[in-house]
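These are the structures, in structure tokens.
Shared between the two complexes below is chain A, which pairs with chain B and chain C, respectively.
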Partner chain A sequence: MTRKLPATDVVIIGLGWTGSILAHELTGAGLNVVAIERGPWRDTATDFPPAFAQDELRYHIRHDLFLRPAQQTMTFRNNVNQTALPIRAWQGFMPGNGVGGGGLHWNAQTWRFNPTDFQLKTHLTQRYGSKFLPENMTIQDWGVTYDEIEPYYDKFEYLCGTSGKAGNLNGQKQAGGNPFEGPRSREYPTPPQRQPYAAVLFAQAAKELGYFPFPQPSGNLSQAYTNPLGVTLGACTFCGFCEWFGCGNYSKASPQTTILPALIRQPNFEARTNCEVVRINLDKSGKRATGVTYIDTSDQEWEQPADLVLLCAFQLFNVQLLLTSGIGKPYNPSRNEGVIGRNYSYQVTSNVDAFFDDKNFNPFISSGSIGMCIDEFNGDNFDHGPHGFVGGGYMGAVQTGGRPILTTRTPPGTPAWGAQWKKAVADNYLSSYETMVHASSYSYRDVYCDLDPTYTDRLGRKLMRITFDFHENELKMSQYLTDRLAEVVQKMGPRQIVKLPRTGPYTSTQYQTTHTCGGAVMGTDRSISAVNRYLQSWDVPNLFVMGATAFPQNAGYNPTDTVCALAYWAADAIVNQYLKNPGPLVQT
Partner chain B sequence: MTLVFSTTSAGALVVKGSLPWTPNAGDPPTAVLPGPWVYFIPEEGAAIEALVDRLIPPDPQTPGGKDAGCAVFIDRQLAGSYGSAEGLYMRGPFANGTPQQGDQSPLTPAVRYRQALAALDKYCRATFAGKSFAQLPDDQKDKVISGLEEGSATLDGADGKMFFAQLLTNTREGFFADPVYGGNRDMVAWKMIGFPGARYDYRDWVDRHNERYPLPPVGFAGRPGWVRQGP
Partner chain C sequence: MRIRTLTALAFAACITGGVSLRAVGDDQSFAKIERGRYLAVAGDCSACHTVPGGKPFAGGAALETPFGALVGPNITPDVATGIGAWSEADFLRAMSEGIGKNGTRLYPAMPYPAYTKVTRDDASAIWAYLRTLEPVGNAVQSNQLLFPFNARRPATATWDLINFKPGVFEPDPAKSETWNRGAYLVEGLGHCGTCHTPKNITGGDRGDMVLQGALLQNWYAPDVTTDLRTGIGSWAVEEIVRYLKTGANSFDIASGPMAEAVENSTSHMTDADLLAIATYLKDSPPRNGPAVAALAGNDRRMVAGQAIYEDRCAACHVSSGAGAPTLFPRLAKAPLIQSDDPTSLIRVVLIGSRAGATAAAPTAPAMPAFGWNLNDAEVADVLTYIRNAWGNAAAPIQPASVATLRDRLQR
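Now for the complex of A and B:
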């Protein structure tokens, strides 16, 4: 039997990055906020102190901090002609679980998108003509501009204390920063991290080729920092156990190290952990959310009524909950109709490995966001005309650790086992290095999410089905970008390099990133977007959907700076517009 | 015996007013103790020791998989949450998919090892005049392993190629994981490659470029020189 709880002003589904930001902003505005989180409470001293945080087997190989697929997973297929099968163990991406969400075990690479990324369709069509885009590509503008969300990027970076060097301050180019970035209103809160050997060599090589290398913007802090909420972070110690791990030093920006200590003191905030929201409830009209239903660990069902529902469950679960709750029209690719599940996108990474004779990189001295990068080949920073593809990415020397189970790089041709393998691992561990391209993934008509017809979760609900493959445009892009990266790496003087461009078909068995995007995208046209420019549901105006769910396509950068800037932008709209006059913020 | 799974079993909790601290709430890993097999029967244990010692053979500087403890590591992992596929999605229907769809087997790792080792034993005894894998000379052992790797040695009642891949993965895990899990004994694998282990602070070293880091590795339990000897 479902037990009904007293109503609250706001219910937040998921207490990760966006949930924490919204909870802090809305409790600050005087609202009563209840956050419901599927996983456990987690904190530095109790869950990943430096006495055992650096455990590659437990955290990286056995996924201790992540969601258990037994609790929730998806099915996957490359195309509509295949039968989707369940992802039984995570490999391709790693959904977070528990307070902090992905923000707990991310790398903290904190990138802004380019101004043109937000008006992608308009920009590319103007520059190259509409015929230049592949026929099935469904990229679109965001309905919000870089200039509009710049203050909110700034707000998130100052929350985190991000370490970096501006390349563009109010339109003035700055030496040592990224010359291609959009204008920043002020410098990064803290200076860049110091760089290990390989990154410095890469930057020298890039300069010799006429590029403008700069330090990767990092949420692994270069020095102690106290944020506007009064929460203090320490300096990163380059422990090399960063992404997939919690930070034992309070030096990686996360909800735990930037918001929660302040949020929890708000008397109008309450979190319920190990409680999974199973659906968003609607009234009879179907146009108003009445709250959520969730289950606790003893499978007791609870109803939490609320005036405002904020879906902050991470891209995948946001889309899944919309589909399961029957909110918005599900996307149908053959009819090209509907919006929920439409424009799913991802990321296209690739690598160049290099083997040296005379170098010692001490790869274990690293951090999740360390490295030197170039941005010449991102977005539309270069002329795509001659190349026949669109999109791009940043590239650089960004190896984030030397954790030995997974860092046993050997030259091509080495057997996978035996004496030769053992010797090759011993010979190359300190003197080889992996460089990387982090590139865009644009959206297509035949790439989407819907509900699976066969597989169900432990509660009997349909799993979400992902239909995804790379398209020729992305594979061409990956080849071109990997070749450019290889030229820089070659200049570093290696004995041998190995180019590893991304090739198709996409496989759910190889980790690239956890930057799944889209499925309920933002926009100005209801027929091709699920939420308006303030992330408010077109169909249910007292529901806002956060996260990379809103990205109409993914750019050649990591998503979270943009995800969290949009969360602040939406919070601002809720506090300053919606609360005064609850209803649609954009009229259709 | 869980070995690595921990933090999901807690019950639902309401958090309000202050951070939910409990003294000594940390959840350090449980150390594997030496001693008899926990999951393997003796014949399986002998075969695994022989296998891991060919996958990572001993050399004058560094012990092989067997003396490094890889077989003990695998035994304890199979007896714990890994072996029972705890936390994985194990609902049917089970169907074979494309390689891009990942492992779809209904068998847990513990059962896969049991079936594959029995099948391997049958294969070896039939092919090599009644000898088990562990009784073969090294060059014949290597041929059998290559056969599994390439898929040319067909096992009756098990997928040899899949078993090879899993065994190799688990052997490397045991070799390079913290010694607390039973492999990488005395941090031999870390010494072999120059990895300093469970250290956490390299601020003094990040810009000492192209220099060899001088300190020896440490594990969660410190290192031999730190531990008191005797009662």
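Now for the complex of A and C:
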């Protein structure tokens, strides 16, 4: 039997980055906030102190910080003609679990999207004509502009203490930064991290080719920083354990190191951990959320009534919860109708490995977001006309940690195990380097999420089904970008390079990134978006949906900065508009 | 949060008082109650009289002393289990003489040797405030001492004879008003010496060693005289104020019992009172302990300790021992690091520690435990190193001291 709890003003589903940001902003506005989190409370001091945090076996191989597929998973297929099968072990992407969510185990690559990314459809159509886009591509504008969310990017970066070098301050180009970025209202809060040898060599080579290299913006801090909430972060020690790890040194920006210490002091905030929301409840009209129902670890069901529901879980689970709660019209690809599950997108990454004879890169010296990049081939920073594809990405000598088990590059032809493999690892460990391209993933009519007809979870709910594959546009883009990167790497003077452009079909059994996006996208036209420009549900105005869920397509950058800027943007709209006059913030 | 509740209670009580015509002249003036609330915070009464998370002033957690445990009694106005049956005169006598209702002699865990200095006016305000608390029925067995100390009267009468000089604080006309306010707070209500002054064999303060550092509950409350090596001689007045206000300054971060004192008491005090405390402390004579020479860098323990330090400690405290302000305490030229008694140092290496959190400095960073992967000799070596590197100088740590504390902490 479901037990009903006293009502609260706001219930937040998921206490990661967006949940923490919203909870802090709304408790600050005087509202009573209850956050319900599927996983455990996680805390730097007790869960990953530096005395044992750097344990690749525990955290990377055995997924200590991640969701267990037995608790929740989804099915996957490449196209509508296949039967989807459940993902039984996380390999392609890694859904986090517990307080901090993805913000705990991320690399802290803290990128803003380009101004044109937010008006992608309009921009590309104007520049190249509508016939230039593939027929079934469903990219669209976001409904917000870069200029509108710039203050919120700034707010998030100053929360984190992000280390970097501005390339554009209020329209003035700045030497040493990214000349292609949108205008920033001020410099990064802290200077860039010091760069390792390979990144320095890459930057030299890129300059010689006429490019403008710049340091990757990083949430692994170059120096100690106290943020506006009074929370202090330390300087990164380059230990190399960022991605899939919690930072024991208080130097990687995460909800734990930036916001939770202030949030937990708020008397009007409460977190319920190890509690999984199973549905958002609606009243009889179906147009108002009455709260949520969740289960605790004993499978006891609880109903938490609330005036305002904020869906702040990971992108995939946001979409799933909307589908299982019957909110919004599910997307139907054959009729190209409906909005929940529509415009799922990902990220198109590729690599160039380089093997040198005379270099020592000390690859164990690393942070999760370190290296030198170029942005000449991102977004629409270059003329796509001659190339026959749209999209792009940043590229560079970028390291995402220095984990010893994962850093075992060997030249092609090396056996996969045994004495020769060991010798090749030993010979190449210090003198090889992986460079990478991090590129956009645009949306398509036949790429989406819906409920699986066959498989159910432990509670009998239908699993969500992902239908995704790379399309020709993205594969062409990947080939082109990887070739450009290889030219720079070649200039660094390696003995051998190995180009690894992304090829299809997409496989969920090889790790690429955890940047799953879309499924309840934002926009100005409710027939093709699930939420309005303030991330408010068109169908249920007292429900807001956060996260990369709102991305109509993914740009050639890591998503977190944009995810959190949008969370601050939405929080501002809730506090300054919605609370004064609860109801739709955009009329249709 | 708790303070806010108390204010609300006090305020509610005041309104009730205002409605009835009895209000005038019977201690129900808001100003007096509010002053009493502030003084109760400044005196950190809740440290002993409130269980963490429990009803305010309804009885505290056990205070472990060498003579057995004492528990702060229920001082809410509950008649049966609190001090609801007390009169104001009873309360004033308890504060100034250590004698409770019906002549019961209090144990000096109630710091009446300090509270005797509190003015009658201030004590009366505290009383007025305590009367506004929610009466909570909670019977507390206060005296859990061992024989013969549990025999209240002979024990305390004798103790008072040796250790107790009753009398209200006498201002020093030669000093400033700020200094005198500081002296009043430090020696009286703040009862700093209860933790920071070494004790004689009976547990009374050693008058010749005021605030020179003392051991309690497996923590060492450090020297807070102006000694340059082990005290706060190198801390500017503003740094002391910042430490008391936020729990952290350029040198150090409060943890252990001092973190509680900052969280519950000093962080809620006015800047003027904190400035007064700092002014007084900075004017106190240094301890003038014996000069200590640093161990040679090539001493076996220093070499071994440095290797451990670089591997285990330097990521946060950095190789130069500089730390990071408000996050990782500074070790170089740090008073606590060079304390005569290394108990706190050994303790935090063995079992870790979490710093306090205040609104101004909410980070609450933690020192991880190393007791599970450093043996006694390694802990001793690394501590000997930090006590003698970067201009520090202090006696080396013996592995036996580590073993003893490890054993005590595991009990």
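Here is the rule we use: the second predicted complex is superposed on the first by the 587 of 588 C-alpha atoms of A that agree within 3 Å, B and C clash if a C-alpha of one lies under 4 Å from a C-alpha of the other, contacts with A are read in each partner's own complex, and residues count from 1 in each chain.
As a convention for this text, contacts are C-beta pairs under 8 Å (C-beta built on N, C-alpha and C of every residue); 3 or more make two chains touch, one makes a residue touch a chain.
All values reported here derive from a predicted model rather than from experimental measurement.
Of chain B and chain C, which one touches more residues of chain A?
Of the two chains, more chain A residues are contacted by B.
Considering only the touch criterion stated at the top, classify A:C239 as touching first (chain B), second (chain C), both, or neither.
both
So, does A:C275 touch the first partner chain B, the second partner chain C, both, or neither?
The first partner, chain B, only.
Is A:L5 contacted by the first partner chain B, the second partner chain C, both or neither?
neither
So, A:P267: does it touch chain B (first), chain C (second), both, or neither?
both
Please work out whether A:A29 is in contact with chain B alone, chain C alone, both, or neither, and reply first, second, both or neither.
neither
In the overlaid three-chain picture, which partner chain does A:L169 touch, first (chain B) or second (chain C), both, or neither?
Touch partners of A:L169: none, neither chain B nor chain C.
State whether A:P50 touches chain B only (first), chain C only (second), both chains, or neither.
A:P50 sits against chain B and chain C alike.
For A:T509, decide between first (touching chain B), second (touching chain C), both and neither.
Once the two structures are laid over each other on A, A:T509 reaches chain B alone.
Can A:Y455 be said to touch chain B (first), chain C (second), both, or neither?
After superposing on A, A:Y455 lies in contact with chain B but is clear of chain C.
Based on the A-chain superposition described above, do chain B and chain C contact any of the same residues on chain A, and if so which?
In the superposed arrangement, which is not itself an observed complex, chain A uses residues 45-46, 49-51, 235, 237, 239, 248-249, 261, 265, 267 for both chain B and chain C.
If you look only at chain A, which of its residues touch chain B in the complex?
Spelled out, the residues of chain A in touch with chain B are 39-43, 45-47, 49-58, 61-65, 68-71, 73, 76-78, 82-89, 91, 97-98, 194-197, 200, 235, 237-241, 248-249, 260-261, 264-265, 267, 269-275, 296-298, 359-360, 362, 364-365, 402, 404-405, 408, 416-419, 421-423, 425-426, 429-430, 454-456, 458, 505-509.
Of all residues in chain B, which touch chain A in the complex?
Residue positions touching the partner: 4-8, 10-22, 25-29, 54-57, 59, 62, 81-82, 86-91, 93, 95, 97-104, 142, 145, 149, 168, 171-173, 176-178, 181, 189-190, 192-196, 198-203, 205-207, 209-213, 220.
Could you list, by residue number, the parts of chain A that touch chain C in their complex?
44-46, 49-51, 224, 226, 229-235, 237, 239, 248-250, 261-262, 265, 267
Can you check the complex and tell me which residues of chain C touch chain A?
Counting only chain C, the residues touching chain A are 1, 4, 312, 315-316, 324-328, 352, 354, 357, 359-366, 368-370, 373.
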